[in-house]
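We call the chains A, B, C and D, going by the order they appear; numbering starts again at 1 in every chain.
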Amino acid sequence: MIAEQTLTEHYFRVRLHSEAICRGLETEDYVVQPVVDVSPPKWHLGHTTWFWETFVLKPNAPGYRIFHEDFSYVFNSYYETVGKRVLRTDRGNLSRPTVAGVYAYRAYVDEQMGRFLDTADLSPDLHALILLGLNHEQQHQELLITDIKYILGHNPLLPAIEMPFLEHQPQRSGNSVFIPEGIYTVGFQPTDGQTDGVFYFDNEVGAHKVYLNNATLAGKLVTNGEYRAFIEAGGYRNFRYWLSDGWAWVNANSVQAPLYWHQVDGAWWYYTFDGLKPVDPDAPLCHVSQYEADAYARWKGQRLPTEFEWEVAASTVNPALNWGARWEWTNSAYLPYPGFQTAEGAVGEYNGKFMSGQMVLRGASVATPDGHSRTTYRNFFQPDKRWQYTGIRLVTEA
Amino acid sequence: MIAEQTLTEHYFRVRLHSEAICRGLETEDYVVQPVVDVSPPKWHLGHTTWFWETFVLKPNAPGYRIFHEDFSYVFNSYYETVGKRVLRTDRGNLSRPTVAGVYAYRAYVDEQMGRFLDTADLSPDLHALILLGLNHEQQHQELLITDIKYILGHNPLLPAIEMPFLEHQPQRSGNSVFIPEGIYTVGFQPTDGQTDGVFYFDNEVGAHKVYLNNATLAGKLVTNGEYRAFIEAGGYRNFRYWLSDGWAWVNANSVQAPLYWHQVDGAWWYYTFDGLKPVDPDAPLCHVSQYEADAYARWKGQRLPTEFEWEVAASTVNPALNWGARWEWTNSAYLPYPGFQTAEGAVGEYNGKFMSGQMVLRGASVATPDGHSRTTYRNFFQPDKRWQYTGIRLVTEA
Amino acid sequence: MIAEQTLTEHYFRVRLHSEAICRGLETEDYVVQPVVDVSPPKWHLGHTTWFWETFVLKPNAPGYRIFHEDFSYVFNSYYETVGKRVLRTDRGNLSRPTVAGVYAYRAYVDEQMGRFLDTADLSPDLHALILLGLNHEQQHQELLITDIKYILGHNPLLPAIEMPFLEHQPQRSGNSVFIPEGIYTVGFQPTDGQTDGVFYFDNEVGAHKVYLNNATLAGKLVTNGEYRAFIEAGGYRNFRYWLSDGWAWVNANSVQAPLYWHQVDGAWWYYTFDGLKPVDPDAPLCHVSQYEADAYARWKGQRLPTEFEWEVAASTVNPALNWGARWEWTNSAYLPYPGFQTAEGAVGEYNGKFMSGQMVLRGASVATPDGHSRTTYRNFFQPDKRWQYTGIRLVTEA
Amino acid sequence: MIAEQTLTEHYFRVRLHSEAICRGLETEDYVVQPVVDVSPPKWHLGHTTWFWETFVLKPNAPGYRIFHEDFSYVFNSYYETVGKRVLRTDRGNLSRPTVAGVYAYRAYVDEQMGRFLDTADLSPDLHALILLGLNHEQQHQELLITDIKYILGHNPLLPAIEMPFLEHQPQRSGNSVFIPEGIYTVGFQPTDGQTDGVFYFDNEVGAHKVYLNNATLAGKLVTNGEYRAFIEAGGYRNFRYWLSDGWAWVNANSVQAPLYWHQVDGAWWYYTFDGLKPVDPDAPLCHVSQYEADAYARWKGQRLPTEFEWEVAASTVNPALNWGARWEWTNSAYLPYPGFQTAEGAVGEYNGKFMSGQMVLRGASVATPDGHSRTTYRNFFQPDKRWQYTGIRLVTEA
């Protein structure tokens, strides 16, 4: 049981981490949106703040006055319930509110939140909502990092910037993990309600039984060097390795290598937060789509794990998987667990409505905030997405 | 064990059924392609013939001379391995070969096939390939029907045409089916090899165990009348019922009702092979997307079955489901079974490469050829497709 | 003054020519629409018939009964005033009405028109309307030819078909024409009202003065051989020769040669109504866009004529231009003459509303019907279009 | 003859004006690009500076060292000649170089230019090039203003900003101008070479004769109040008033009013640099496309002037037009004058390659820099563009 005191500390620590990620940015870097998947850093900072204002302070803090009506409008991502204004703008066109304005918004809301957390007698529901808000902000922290990387990595100056983690450190050793055929229990099982401080999302809750067949998960992730062999073997030019949708994606986008890789005079380089660097053959591969992961596995005569094979290998079996460097693509579609229920209200839009057309990733990455990973966590993206820190772990039957 | 003699009969019966479907068409109806999902009937008739010529006769019938080189090119759907010609045309632009030419192609190949089947001593592999060809043609028969319906149902004259089945007959009664929690075996289990005449596709083979929770499948499909209540309750205008992708689809396409439904002076009509008719409230709903099926279920506070719940309810449990009127959308993504292997060669492209972005449908429809359905059969389409005879069966937990 | 008798003859002669053009078609060729610019031959035959029914018979022939309400809907190109039906279909999706049905429509309307012309005492306005209808049908005759060529020339079988003219005959000799600086009168000048049988369109009427500078128009059109030199000099790969829009068009469409040209083992062939033939270096170039015409002229250090230079060179000067093999691209935008007035009613939509974004072509082509060309005629297309029989004539200043 | 001294002054005055326009911007406003037509203010400031560096200093100033290689790449608009780098980015994605970096670039180049102009003995060609550069920067000044307006006018906060001119001042009175039929000379006629300080663009040079018919140009521009009557008469909903392309544009974009107009509770407001204000019925209409201008004129039974009618009315006739508040759409396509020659080299791309698909605007607007307008000036945009200060002047024949 975490005391209220601790929750305030937790709140400030999370909030400060969002700003720490942005410490190296120029004002201009906060504003642009090169593609629709990427949000301007300014927007992440504002949107996470809007969450606290809208769902915690406004309905619960007596006498709370919202910072500015326009901010509520601009930083609301739940468009379905709003849409009242005339002007339809994209996030990347919004020069106003300014970055300074967004930081002022954060400061105002943080001060109010501090006061509120210090004095309020939080109901279990409100406590749970605050945990949700913290986890929501942590999710945006990883997106902040990957969106900043996209913005700078698509700027012809390829600028370096300081970030509080190492992207391409060597892999920890790991033994392969064998899963014997049988019934396993997967999914998050809350023991004492959510107020004990252990957080979970609605999409992972509901321990349930699954039947798994014999399978062996590789102890290490696929490395850059291993993947380069696939490129050099013509992997991107041979339709036989690809899912039909994947092959269409390769051709429509002229894909020839992972995101951020550039071939210069025959050698492979990649953009990192330290600038353009030679690809390290021993580091785990990063920034591949599920299509690429699947094609690579097929080229190797292996396959990707299912999300339940991964979860069992990471939790039940001993010794378990070493994980955490890359989000690991599975070949499981993102679908509801037995008994899944959508929560009421705007918060209910959180996860359930995305359960179509996306694939599950398991684990965590070097960009995932501390305390925001667990073996039941279900991350999800469309199979063509690759600006996250995504990698590949192979499986062999039996 | 089916004798070779019987195989010849089987061959001719299947081939004649393709032509029987088209008996009511005008020459012009064979040619057009209103949308990319729909192929001109002429193309189906030519493509299925090309299969026999290319995979059976050419490599196995000594001295076989191909009918015409251009036909091989035009009716080949495996574009990845061809693509040698200069001109890139869409199927719907091909006025030549003519319909008469296609029927001549069929006659020529049928005569050669008859001779070949009468005299050849078929190896097990060749026998299996012929079964595949027959099932391939049966798949195209259902597409022929649905594509003809699309062509005529999008013609402002809404012409009637005779078809060898009833689209909107009353539902057979059926009791709901309860599945008790436990381990079940699903998937096709070949007993004595494929040469015993029992056909299966590569995507359904591989009996394996799954763990199911308590669930109850409805005994009847959702009717037109029940679905109309969803329309009238504003179901198409309220985002809360929809998956995110589904809501985008509704808005991008201004969807307001199932395919082929038209509102005339406040009443609902639908296009059928008998022309425009008032919607029968008691007939099972047809021509909905998986998005619509999912939204309807959510509106009802229920859900769609998984493909394994369906398979168990249709086979293991007693009494089992009544099925066969509509392809039933499940909430299972179309993914490989444990141990799935892609076959070698062009035939290997058959199913596996589509295992991304599609949802499984189970059962069969009024348009499915006799002998082409079984409880392990896995049909699959993208969740926005609705020109097949698709319907909804609801599930309640426990 | 043409007698009513003669008008009937004229009517039947024009109507029969439309059908003569289609004599070599298979039923399937009438139906398809490979691109939006091209209409199915069936549609041309129906639409021209719809004109007579709608504008002549229905309002003027007592007791006239329309052939079929659906035909009126399907063959109406004036969508702005209709649009009442639910189904929105493209011309190329319409398998019905059938080709036989369209010919029956023509026969019915022709019989009614024959009866009407024999007995009616035509007012000057009605006489003028009939002349408009005949010229409207003649315009569609040239489109019929070019659309049929597009349909067959984009079919991988590249079928030959008989047509009542020679596409690539040798050029008639011609001397260059010098225009001395000064005032000239251009535009059609009706002498005795339109009922004297001399037809003109609303866009060409209104004789008016223009001031021209010294210019010399080439006596012959650019030949295929001359244009091939432009291709071989890298003309399609060097932006310096191209208008900005033209360069974008070249790149977006990977244009490398005129329409219908194919390079086979290093040699140039083109599709003709006689099938695929070697490009004749001495025949006048055909099937180029205005962008290509302009780029070629720039490469030669010359330019295209204005429409008034062309008109003066073709009419006022002696000896005048030899013309008629190709529609000749000018560098004049299609804009109204001084005092241009839009006619009342649906007929008024005829020309004026297209006076934006199109360029004028002057002359006529081998596909133009006899009696449908004059020196004041203004043809017009967007500068990227090239499926008409378009060619290039160069100009030098002074 | 302007002395070298004066040229330096002229240079600094123009350069400072670019920065003056931006004085009210926040850093963030410099960066975004809401639509492809609009460039980020940062880009304008960098690009105009790149012009001086690339065309003047680099080839002519001995020992000149370029500021930064990346800047040359990023601020080059002549993509055809460059394209060497791997990354393809849009202007609106470029967070780097920063705004501060761009101002440093300007300061560096200005200092070098000042030194160069003070000491160099300028050849006539170089003098002409410097005049071109100044006019180039003045063109970008008007674009800077209109792009800033677009950026702020599409921000939901609709921020006000100070600008050095009044957008919506009352119209100066003006009498209508009658042009009697006859020959007139139009086009710029350089008297003593370009070094006399009178600048002209390549597209306007070449005095030549044209023949005009009687016409009367209105003395005043169409006002907001007059145009509102067109809106209220259903002008945007009746296809009869519109060119075919214009009607397609209205429908594809759901256009219902001029750009920046918003209907709030039945009243019309527009965004101005002072924020959202009620539409002033007496101010001249602004921000309409050529399609809207043409439709309005047709609704009034009048028409737009040709560019030569405008030029004659503004220069030859006495008393001449009052002009300068709005760029006035003409119904003349932007095409070359007799004898037009494209200049050599990159500067030659300046105007000629855009002579397709655009319409001429004449006059100037409240946003046009002082000294950058004359009666022979030919501005040009595609007919659907309306973010410039565009308005309407009507013409009646005779």
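The working rule: a residue touches a chain if its C-beta (ideal position, glycine included) is under 8 Å from a C-beta of that chain, and two chains touch if they have at least 3 such contacts.
Keep in mind that this is a model prediction, so the values were computed, not measured.
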Contact-pair overlap exceeding half with A-D, pair selected from A-B, B-C or C-D: B-C
Comparison of B-C and A-B by number of C-beta pairs in contact, larger one: B-C
Chain B and chain C, separation of their C-alpha mean positions in angstrom: 46
Approximate Å spacing (C-alpha centroids) for the pair chain A, chain B: 37
Residues of chain D whose C-beta touches two or more other chains: none
Chain-level touch network, classified as line, ring, star, complete or other: ring
Interface residues, chain D side, partner chain A - complex: 26-34, 42, 70, 73-74, 85-87, 89-90, 92-99, 151-152, 154-159, 262
Contact footprint of chain D on chain C as seen in their complex: 80, 183, 208-211, 213, 239, 242-247, 291, 294, 298, 303, 331-333, 335-336, 338-339, 342, 353-357, 383, 397
